[in-house]
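Here chain A shows up in two complexes: once beside chain B, once beside chain C.
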Partner chain A sequence: MAAPGVSARRDAALIRVLTLAVLVALWEALGQTRLVFGEALPPASAVAAAVAREIASLSFYRHLAVTLGEVAGGFLLGALPGVAFGLAMGARRVLGAAADPYVAALATTPKIVFLPIVMLAVGIGPGSKVALGAISAFFPVAIAAASGMRAIPPVFVRVGRAFNLRGGQMVRMIYLPALALPIVTGLRLGLGVCIVGVLLGELKLASVGLGFLARDYYDQYDFASLYAVVAIVFALASLANGAMSRLARRAEAHR
Partner chain B sequence: MSAPILRVENVAKRFVTATGTVEALAETSIEVREGEFVAVIGPSGCGKSTLFNIIGGLDSADGGRVLVEGKPIAGSHRDIGMVFQEESTFPWRTVVENVAFPLEVAGMGRRAREEKAMRFVRLVGLDGFERRYPAELSGGMRQRTALARTLCAEPRILLMDEPFAALDEQTRMLLGEKLIEICQALKQTTLLITHNLSEAVQLSDRVLVMSFRPGRIKRTVAIDLPRPRTSDVIASERFASYLGTIWEDLKAEAAKGLAALETARRAPAGR
Partner chain C sequence: MRALRAPKPLSPPPRLPAFFGYGRPVRTLLHAHRSAPALWGLAALALLAAALEALVRFGLVPKLVVAAPTETVVAIWRLAAEEGLLRALGATLLTAVAAVAAAAAAGLPAGYWLYKHPRFGLAYRNWLGALFAAPLVLVYPVVLVLFGRTYASTGFMGFVVGFVAIALYTREGFAAVSPTLVRVGRAFNLTPRQEFWKILLPAGAPMIFTGLRLGTIYALVNIIGVEYLINFGGLGFLVSETYDKFDTPGMYGAIVFVILVSGGMLWLLKRLQTWLRPA
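What follows is the complex of A and B.
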C-alpha cells in the first residue's frame, strides 16, 4: 500500500506546485500589462515587495499581535464552552433534542450579523472581535463534540463498568480517547471560522489589526500592500490549519 | 465434589414495555464449580444476555442473588471477568495496551503491567502483534485481545456472552479450541452464554438449556466426552447424540421464540 500512496502524494504535490507557478506567472503578466482590472491588480512582484515591506516594518507586528490575540481569545472563549456544551448535548438525549434545532439554525447563520449587537455590548475595541470569534468557534465545536459523544459505542462504557472504573477514570480512559478525533475535527473547523469572524469584525470597524490594515490600504488605494496583507493572512490561516490537521492525523492514526 | 464457586440463586428479571410487563427471567438458578466449563444455551430473546448482565453486575435483578464463594455480590466484581459479544477492543490502544487496561486501572506501573500483559498476549497467541492496533487485526484476533484483556485481571470466573457470534464458523471452531486450551492451562472457571449448539457441546463440561420467556434453566446436560475434543471426538456418534438431545429440548423453545417474534411483527405498527 506504501508505494502507490507515496507516488500519488508526490503527483498531487507536483500538480499543486505547477498550478501555483502557472497562476503566479499569469498574475504577473496580467498585472504588468494592466489588461484586466487595471490598478486593482498589481503584479505579483509588486505584492511580494509589499510583503517584504510589511514584514520589515514595526507597526505591522502591532497589528499582527492584536489579531493573533483576538483569534486566540475568541477561540478559547468559544471552543471550551463549545466542547462542554456539545458533550452535554451528546450525553443527555433530552438536552440534545431540545437544543439541536437552535444550534443547527445558529450554526448556519453568518455570525457577522451579530457584530452590531456585540459592539453595543462590549464596545468597538478588540473585545468585539474576540466575541465574534468566540460566537463563530462555538458552533462547529459543539456540533462535533455532540455527535462524537453520541457515536461512542456503548460497549466501551460497559467494559469500563465491568472493570469497575471510577468516574474520573471513565472520563480519562474511555471518553476522552474515544472523543479525541471528533473534538479535534471540531476544533479545526472552529479555528477556521474564528479567524473569519475576527477578520470580518476588523474589516468592518476597528483601529488596529490585520483586517483594519487591509481596509486602511484599500482606503489609500495602495493595492499592492492590500494584497500583501491578504497574502499574509492567507499564510497564517494555512499555518493554523496545518497545525490542526497534524493534530487530527495524530488522533486519527489508529482508526 | 467441591462447593460451587459461582452460585446464581433464583435470579428474576421483569421488563416493563409499552404492551405490558415481560418476564425475562424467572427464578433462574445456576451453580458452577471451580475449574468447570459451563455453557448456557437458549434461543434468541430467552433472556441470556439479561442473565449475563446480572451475573456481571451491569444490571440489577428483581429477585434472587449472585454469590461468589458463598458471598453475595452487588455490582461489578473483580472476581467475575466479562467478555462481550460486541467489538470491544479500544481502537486507540495497541494490543498490549488493551490487554494491560485492567492493570492500568488498578494503578500498576507501565513496565510491570506490560510485562504481565505480555504473558496473556502470548497465551492467546498474539505475540508479534502486541504493538499493532485493533484496526490492523482480524475480527478473531480482536476478540482474542478482548479475551486476554479480561483474563489479565485474573478473575475467578470468566463470563462470556456469545464471544464468537460475529465470527465465521471455521474461525469460531479454531477459537473454541484455543479457548479450551487457555482455560485448561489457567484452570479457569468459565460460564459461556451462547446460542450455538455445537459450540456449547465442543467446549463444555455441562450445558444448561434455557427456556423461552420466562427464561429459566430447563435442563442440564453433562457432556461426558474426552478432552481434548479433537476432530475425531467432534465426528463421533456420542457428540452427535449430545447435539440431538440438546436440540430436542431447545427446539420447542426456539419455536416459541420464533413464533413470538412473528407475532410481534404481525401486530399493527404503532410506536
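What follows is the complex of A and C.
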C-alpha cells in the first residue's frame, strides 16, 4: 500500500482530535448526569482534578517509588535468567524442542494465579510482587531470545569461524549484532508484563504501592481518585513501552 | 574383462514398527528421532516432580508452601469430585466463549470498516496498536466499579482484549491483500459483495484467523486472571478460594489445571489454524 499522503494524515489527525473530544464530552455528560452508571462513573473533570491532586501529593510518590522498585527488581530477576535460558534453548536443538511446549504453556498462563504460591513462599510484602514480576518477565524474554538465536543464519557463524574469531570476538562481532533486536523486543514485552504482574499483585494484596493505592480508593468508594490512579498507571506503562520501542528501533538501526 | 553387471537388488529390510525409533541404535534414538526431545522434556519434568516430592516428604520444604506432586494430582481429583472443578471450568469457558463471540461480532465489522474507510483506518490504527500493546488488564478496578463482582465484569475484561486483537488483525489482514488481486476482481466486474466474498475474505483470512486466535487466548487468560483478582467466577476463583482455605494441595491442583487449560487452548487453536489452512 502506498504511504498515506499529507492530506490523508491531516484528516487522520483531525479525526483523532474530534474523536477524543467527543469521547471526553460524552464521559463528562454521563458523569455529570449520572444517567447510566450512577456514582460509579465520575465525570472527566473530577478525574482530571484527582490526577492533579495525586501528582501534587507526597504520599503518591512514596507508593510510586515502591512500585518502581518492585518492577526494577522483578525485571532484573526475570529478564537476566530469561535471556540466558532463551539463548541456551536457541543454541541447543534438543533442549529447545524439549522445553518449548512447557515454556509456551507457562507463557500463556495468566501469571497472577502464581501469586498465592509466591505469597506462601516469601510472604505478602513487596517480595511477592518482585517474584511475580520476575515470573512474568521471564517467559517473553526467553521466547524472544530463543527465536533470535535460532534465526541467526549458520553462515554467519561459519564466516566467524573461517576468520578464526575467538570466543569473545564471536560474541561481539557475530552474535550480539544479530541478537540485539530480538532481545530488546523480548525485554520490551517482558517489562510490560512485569509491570502488569507487579501492579496486579499489589491490587490483590499489599500495604503499599500504586496498586494498593488504587485498591484503597476502591475500598473508600473514592472512584474519581481510583480512576486517576489507574490513568496514571496506564500512562506510565505506556511511557515505559514507548521507551523500550525507541530502544528497539535503535537496535534495528545498528544492524 | 567381464561385463559389468548390475548388482542384484537387495530385498528391502523388513519393516519394523516405528515406535519411538524402535530398532535404532540408542545414540541416534536419543538425538535424532522426532519424538526424542519430547521424551527428554517428559523425563526432565518427571525428575523435577520426583525431586520436589522428595523435598516435601523429607520436610526440607514446608508442606504449607509447596504441595507434593502426588498430593497435587490427588487434589485435582478431589477438586473435580467435590469442589466443582468442572463447573468452574465450564463457567470460565462459557464466559470466554461469550466474550470472544461478542469481540468477534464487534471486531470483525470494525476491522472491515476501518479498511473500507482508510482515513479512519489511518486515524485509529495506531490507537488499536497502542491498546494491543497496553496493559489493558490494569483497568479492571474501573470495570469492577462499573459492573460489580459479576460475570459482566469478567466477560467484559475478556471482550476488551479480544476486540482490540480481532479488530486490529482484521484491518491489517484486509489492508495486506495484494492490490493486484483487487484489480483483477474489478476487471471481472465483480460486485462489491462478490469482491468481498471471492477476493478480500479468502486473501485476508489467515491474518484474520490469527487475530481470532490471539483474541481468544488473551480473552481466556484475562478472564481467569480477573476471576482470581475479584474472587468471582470459575477457575481463577477456585485458585483464590483454595488459598483462602489454606488448602495448599488444592491450590496447586487448581493452578496446574489453569496451566493445562491455557496450554491446551493454545495448542488447540494452533492445530485448528493449521488444519483450516495447511501451510
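The rule is short, and it goes like this: the second predicted complex is superposed on the first by the 235 of 255 C-alpha atoms of A that agree within 3 Å, B and C clash if a C-alpha of one lies under 4 Å from a C-alpha of the other, contacts with A are read in each partner's own complex, and residues count from 1 in each chain.
In this section, a residue touches a chain if its C-beta (ideal position, glycine included) is under 8 Å from a C-beta of that chain, and two chains touch if they have at least 3 such contacts.
Nothing here was measured: the structure is a model prediction, and the numbers come from that model.
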{"item": "Fit or clash - chain C, chain B, common chain A", "value": "fit"}
{"item": "Which superposed partner A:97 touches (first chain B, second chain C, both, neither)", "value": "second"}
{"item": "Touching partner for A:238 - first (chain B), second (chain C), both, neither", "value": "second"}
{"item": "First (chain B), second (chain C), both or neither touched by A:117", "value": "second"}
{"item": "Which superposed partner A:8 touches (first chain B, second chain C, both, neither)", "value": "second"}
{"item": "Chain A-centred angle between chain C and chain B, computed on Cα centres after superposition, in steps of 10 °", "value": "80"}
{"item": "Comparing the two partners chain B and chain C, which touches a greater set of residues in chain A", "value": "C"}
{"item": "Chain B versus chain C as contact partner of A:61, first or second or both or neither", "value": "neither"}
{"item": "Partner chain in contact with A:155 - chain B first, chain C second, else both or neither", "value": "first"}
{"item": "Closest Cα approach, chain C to chain B, once both complexes are overlaid on chain A (Å)", "value": "9"}
{"item": "Touching both chain C and chain B, counted on chain A across the two superposed complexes", "value": "none"}
{"item": "Chain A - residues contacting chain B, complex", "value": "153, 155-156, 158-159, 161-165, 169, 173-174, 177-178, 180, 254-255"}
{"item": "Residues of chain A touching chain C in the complex", "value": "1, 4, 8-9, 11-13, 15-16, 19, 37, 40-41, 93-102, 104-106, 108-110, 112-117, 119-121, 192-193, 195-196, 199-200, 203-204, 214-215, 218, 223, 226-227, 230, 233-234, 237-238, 241"}
{"item": "List of chain C residues in touch with chain A within their complex", "value": "31, 36-38, 40-41, 44-45, 64-66, 118-120, 122-124, 127, 130, 133-135, 137-142, 144-146, 175, 179, 217, 221-222, 224-225, 228-229, 236, 239-240, 242-243, 248, 251-252, 254-255, 258-260, 262-263, 265-267"}
{"item": "Chain B residues touching chain A - in the complex, by the definition given at the top", "value": "56-58, 75-78, 81-82, 84, 86-88, 90-93, 101-102, 104-105, 133-135, 153"}
